[in-house]
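Shared between the two complexes below is chain A, which has chain B as its partner in the first and chain C in the second.
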Partner chain A sequence: MLFLQVLINGLLLGGLYGLMALGMSLIWGVMNIVNIAHGALIMLGAYATFWMFTLWGWDPFVSLPATIALLFVYGYCLQRFLLNLVVRAQLFLTLLITFGVEVVMVNLVRIFWSSDLRQVTPGYAGANFSVGGVTVPYVRLWVFMTTVVLSILFLLLLEKTRLGRAIRATSEELRAARLTGIPVAHIYAVTFGLGAALAGAAGGMWGMLFPITPIMGGGLTLKSFVVAVLGGLGTMMGAIVGGLVLGLAESFTSTYIGPTYPNAISFGLLVLILIVKPTGLVGRRG
Partner chain B sequence: MKGSRGKPLVIGAAVVLALALAPAGLSPFLVQFLINLFMLAALAESWNIIGGFTGYASFGNVAFFGIGAYTTGVLLTAAEWPFALALPAGGLLAMAFAGLIGMPILRLKGHYFAIATLGVAETMREIVYNLKITGGGTGLTMPITRSALPFFYLMLGILIAATLVNWWISASRFGYGLIAIREDEDAAAAMGINAALYKTAAFALSGLFAGLTGGVFAYWITFIDPEGVFRVIVTIQMIIMAVFGGMGTVVGPLLGALVLATVSEVLSTQLVSLAELFNGFIVILVVLFMPKGLAEVIRKREFSLRKLARNLREYRV
Partner chain C sequence: MTRTGWCAVMLAAALAFSGTAWGADEIVLGSAISQTGKYAREGKFYVDAYALTVDAVNKAGGVKVGGKAYKLVLKMYDDQSDPNLSVRLFTRLVTSDKVNLLLGPYSSGITIPASAVSEKYEIPMVQGGGASGKIFDRGYKYIFGTLPKAEFYFQSVIEAAAKFTPRVQTAALLYSNEAFDRSVADGARQWLKEQKIDKVYDEEYQPATQDFTSVLAVLKSKSPDLVLVAGHEENALNFIRQAQAADMAPKMMVFTVGPPTADFRKTLGKAAEYVFGITPWLPDMDVGGEIFKSARDFAKQFQDRFGYEADYHVASGAADVLAYKFAIEKAGSLDAKKVRDALAALDAETMYGRVKFEPTGQIAMGQVVVQIQEGKLVPVYAAGKTLAKPIYPAPKWSMRK
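Right after this comes the complex of A and B.
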């Protein structure tokens, strides 16, 4: 029974990891930017939800569209007016500039909103139900279902719409995309906006499960990266599969080995995957 | 050629002599500031070996700093070794660790290497946090020493050694090998350079100086804990100082450390977050306007805004 409980816990958390990694993988796949500020975007999403909950009493699930919209606009502007300026420079420099963005965001939040631990606690926060000896908190289940819905919507957007085709075309071949009349700078900004929106959604829900602090993003950037690589870079299904794998790995190791080494586990998994199968679990060749 | 190689040596010797005599005429506050400056400059030079010359952007060099600090700390307190033995032990262990961990992760390239090193640092912090001998989360307290002078000269000595090693790298067969790896690793290997050996040696050297610096830091600051010595911001500082001054040059990291440490010190007296915020803005501005660093800007006399914005015209979309 414990086994089943651990399995469920891992899957429910893994969905959220998948959503985080989806945004990271998109930005990486399309623009070749490893966005170190990804965790900071998650943090911003968590704070957005927190403030709407605290100031206006908005339910965190209801305010989720607002959080997503806010982060989309923020991400769009960040790419359009800053990252687009150096997006074709060497990898190290684009990585470094997102590092700078991360430091600026974290410290602005720290200065304006302090380093206090915050939490989003709607009335139903502690409620749960049991099926066959397995306890499932309602919040975790709803978070999981929301991540599934958001992931499907996002995949449909990418596969079925004109915008999605433009994003994929830009990702394949920048110059050819520009020649066919795709406004590349705009598409890049939209892509980053989408990645930020996914991060924001993940952050909004993360805040219902774990405490919110200005520095919560550092570890989450690492996890998003691990998941994106684990699943296979640039493949959207890979991010989701990778998220579930990491969730399960953490859940099982913390129960059967001990909860003291969460980051060591993600990192160990990462190195293992990079050495054994560099294209990821469901990655494509080349 | 001989003249241009001799001049930096003369200037360097003059600066070192002035610094060696400096503590006599300075306030305790300034001495502390200089120790901190030497430490940051030594760390920037140590990062420069792997990040600047070899082109492997390590985001986890704080791991070596932390290992040096903790090895020295544990040997001083639990084993009661004299500092003269504990410090080299810390440096050597950090060096050995860098060499060992380098063998697998230096096979990764670009982003993968960067994040893998970040992971190494995070993992080291977790391990130290959970070990008994390191005092876990409560940290370690060193015996207190009266005078700051030994630390002043030790840090200065490490900085000089690190700078000399960088200087040697910039003009030796070994260094040319590293630069060849940075420019094109496959071509370097085709020319008969043992890339794996060179990279690992560079990483280990980088680890040695970071470890030694950490060892002195531990005894100087008298209290270390995992959150303090494995902070990501320490790695960031190494990187931005090296990048700000000029990666892959000998004077660049020194220049970067001097400018940034001074400004950070002034801002820290107001608010620590403010100093970190400033660091973040500097990173962004450097990437935008002078990715080759201050040393290059000064050398080419590119002070006009138009010249500085050239980088943007080249890489924007």
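Right after this comes the complex of A and C.
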């Protein structure tokens, strides 16, 4: 019974990890940017949800589309007016600039909204149901289902729409994409916007489960990165698989080895995967 | 005024401000404390506490040494919650800023290296943010602390648990792997043994842990009567919220930090009901002294100025400044060594309680057991005495309104 409970716990959280990593993986896949500010975008999404909940009483699930839209616009502008300037520079430079963006965002949030711990607690926050001795919190189940829906919508967008094809074309063959008339600067901005929107959605839901602080993003950037690399950087399926694997690894480690070790085991797993299969669990390209 | 006239004024002003770093009738208390990073929240409690107390001392006539009144002045840096930076900043405070005395940083992890600086330069450091025994068991002479010993944190609450009916039989111990919380756990094991309470779970976790669902699943399967958690406020918040979602309700849950903080109770709302906590200080405790005539008076001034409720961190920080005022006056000198000796011999009544240090430098003080009842913090047990009726056992989550 404990085993089943731990399995469910791992899967439910793993779904959210997957969604978090999806945005990071997309931005990396298309533009070769390791977005250090990814966690800060998640943080911003969490605050957006928090303020809409606190000021206007919007249910966090209802306000999710608004959070997504906000973060999309923010991400679009960030790429269009800042990151596009250095997008073809060395990897190190983009790394530095996203790091700078992260520092600025975190500190602005700290100055304006203080370091207080915030929580989004709708009436059903602690509600749960039991099936055969396994307790499932409603919020976690709904979060999981929302991540599944969002991931599917996102994959459809990327695979089936004209915009998605343009993004993939830009990612795979920049020169050819440009020759066929794809507005690359715009596509880059849209891509970053989508990445930010996914981060925002993940943040909105993270904020329903965990406290919100200005510095919550640092650890989440790292987590997203681990998940993305675990599954295969740049592949969308990889992010989702990586998320589930990390969720399960953490859950089982914490139960059967001890709650001090989830990080050690997760990073150990990462190193192992990089040695055995450097392209990640479902990655193809080198 | 002519151009040259302006220049002269500017020059004079510049000279006035740069000539002497510190005024001759000032006592400078230097500190590096976390204003950003992971301890920004707790760090702010100390920054505000220091500011309020320094102003109050100055308003009451300052510190009198040999018939002359000195003003207290603060020189503060932000250590960004980084122990390495903290050491560099304290070194700078001592060597280039030449402050008179040091106030401490926040957290045991930072105080341990930072206190080595005060020891090296033989400048006293009075700190209210680090309680681990590891700060005080190195034989240092210049470190003083106003938080009770970490090993004793759970003593009173375990003692109380053994007196409740039905008696607590089994306990689970969960603690973060930081120096302070490990010390708390070391003590807890001893107190549990003393009270003949079975320990059915004993694990440490990473302080950055957000998700406790797996721990909660294990706890639920072992169903201990008492759950003791030593960690940071964020850990406690996560633990309680997730315990509710996982439907894990022991008869009694205790946290080292969180319950005494108003913000904590507000954030958790109803989920915080029946949770136990410990605190060395409460605003309605019957203590007081010079500068702030009562704990209540201090709490009110603090609330008025900063707009949030003072907790024991704040009171402990205020006590550090007061300890200096009394010690300097008793020493009758600003000499660091003489002030140190006066601190070691200090026995003063303050708004924080009786400030008297043990030979190790740590304050001799017990913990009050508190419980959250209907959103309020109720002191239930202290120094072997029951102060109010505890709500025990806590009702199951599904039975709560």
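Throughout what follows, the second predicted complex is superposed on the first by the 281 of 286 C-alpha atoms of A that agree within 3 Å, B and C clash if a C-alpha of one lies under 4 Å from a C-alpha of the other, contacts with A are read in each partner's own complex, and residues count from 1 in each chain.
Following the convention adopted for this analysis, a residue touches a chain if its C-beta (ideal position, glycine included) is under 8 Å from a C-beta of that chain, and two chains touch if they have at least 3 such contacts.
On a predicted model such as this, the values are computed, not experimentally measured, just so you know.
Trainee: Overlaying the two complexes on chain A, which is it for chain B and chain C: clash or fit?
Mentor: clash
Trainee: Looking at A:156, would you say it contacts chain B, chain C, both, or neither? Reply first, second, both or neither.
Mentor: neither
Trainee: Can A:110 be said to touch chain B (first), chain C (second), both, or neither?
Mentor: Once the two structures are laid over each other on A, A:110 reaches both partners.
Trainee: Is A:188 in contact with chain B, with chain C, with both, or with neither (first, second, both, neither)?
Mentor: After superposition on chain A, A:188 lies in contact with chain B alone.
Trainee: Could you look at A:145 and tell me whether it touches chain B, chain C, both or neither (first, second, both, neither)?
Mentor: The answer is neither, since A:145 touches no partner chain.
Trainee: Could you say whether A:210 touches chain B, chain C, both of them, or neither, answering first, second, both or neither?
Mentor: After superposing on A, A:210 lies in contact with chain C but is clear of chain B.
Trainee: Once chain A of both complexes is superposed, is A:174 in touch with chain B (first), chain C (second), both, or neither?
Mentor: In the superposition, A:174 contacts chain B only.
Trainee: If we overlay the two complexes on their shared chain A, which of chain B and chain C does A:263 touch? Say first, second, both or neither.
Mentor: In the superposed model, A:263 contacts both chain B and chain C.
Trainee: Quick check on the superposed pair: does A:93 touch chain B, chain C, both, or neither? Answer first, second, both or neither.
Mentor: first
Trainee: Applying the document's definition of touch, where does A:73 land relative to chain B and chain C: first, second, both, or neither?
Mentor: neither
Trainee: Could you name the one stretch of chain B listed in 25-33, 205-213 or 259-267 that collides with chain C in the superposition?
Mentor: Stretch clashing with the third chain: 25-33.
Trainee: In the superposed arrangement, what residues of chain A touch both chain B and chain C?
Mentor: Residues 107, 110, 219, 260, 262-263 of chain A touch both chain B and chain C.
Trainee: For chain B, which residues count as touching chain A in their complex?
Mentor: Its residues touching chain A are 57, 104-105, 107-108, 110-112, 114-116, 118-120, 122-123, 126-127, 129-130, 232-233, 236, 239, 243, 271, 273-274, 276-277, 279-284, 286-288, 291, 311-312, 314-317.
Trainee: Along chain A, where are the residues that touch chain B in the complex?
Mentor: Counting only chain A, the residues touching chain B are 28, 34, 82, 84-89, 91-97, 99-104, 106-108, 110-111, 174, 184-185, 188, 218-219, 222, 225-226, 229, 260-264, 266-268, 270-271, 274-275.
Trainee: Under the touch definition given earlier, write down the residues of chain A that touch chain C in their complex.
Mentor: 1-2, 5-6, 9-10, 13, 107, 110, 115-119, 121, 125-128, 130, 135, 137, 139-140, 209-211, 213, 215, 219, 250-252, 254-255, 258-260, 262-263
Trainee: In the complex, go through chain C and note every residue touching chain A.
Mentor: Against chain A, the touching part of chain C is residues 36-38, 40-41, 44, 174, 177, 203-206, 208-215, 217-218, 220-221, 233-234, 237-238, 241-242, 244-247, 263, 267-269, 271, 397.
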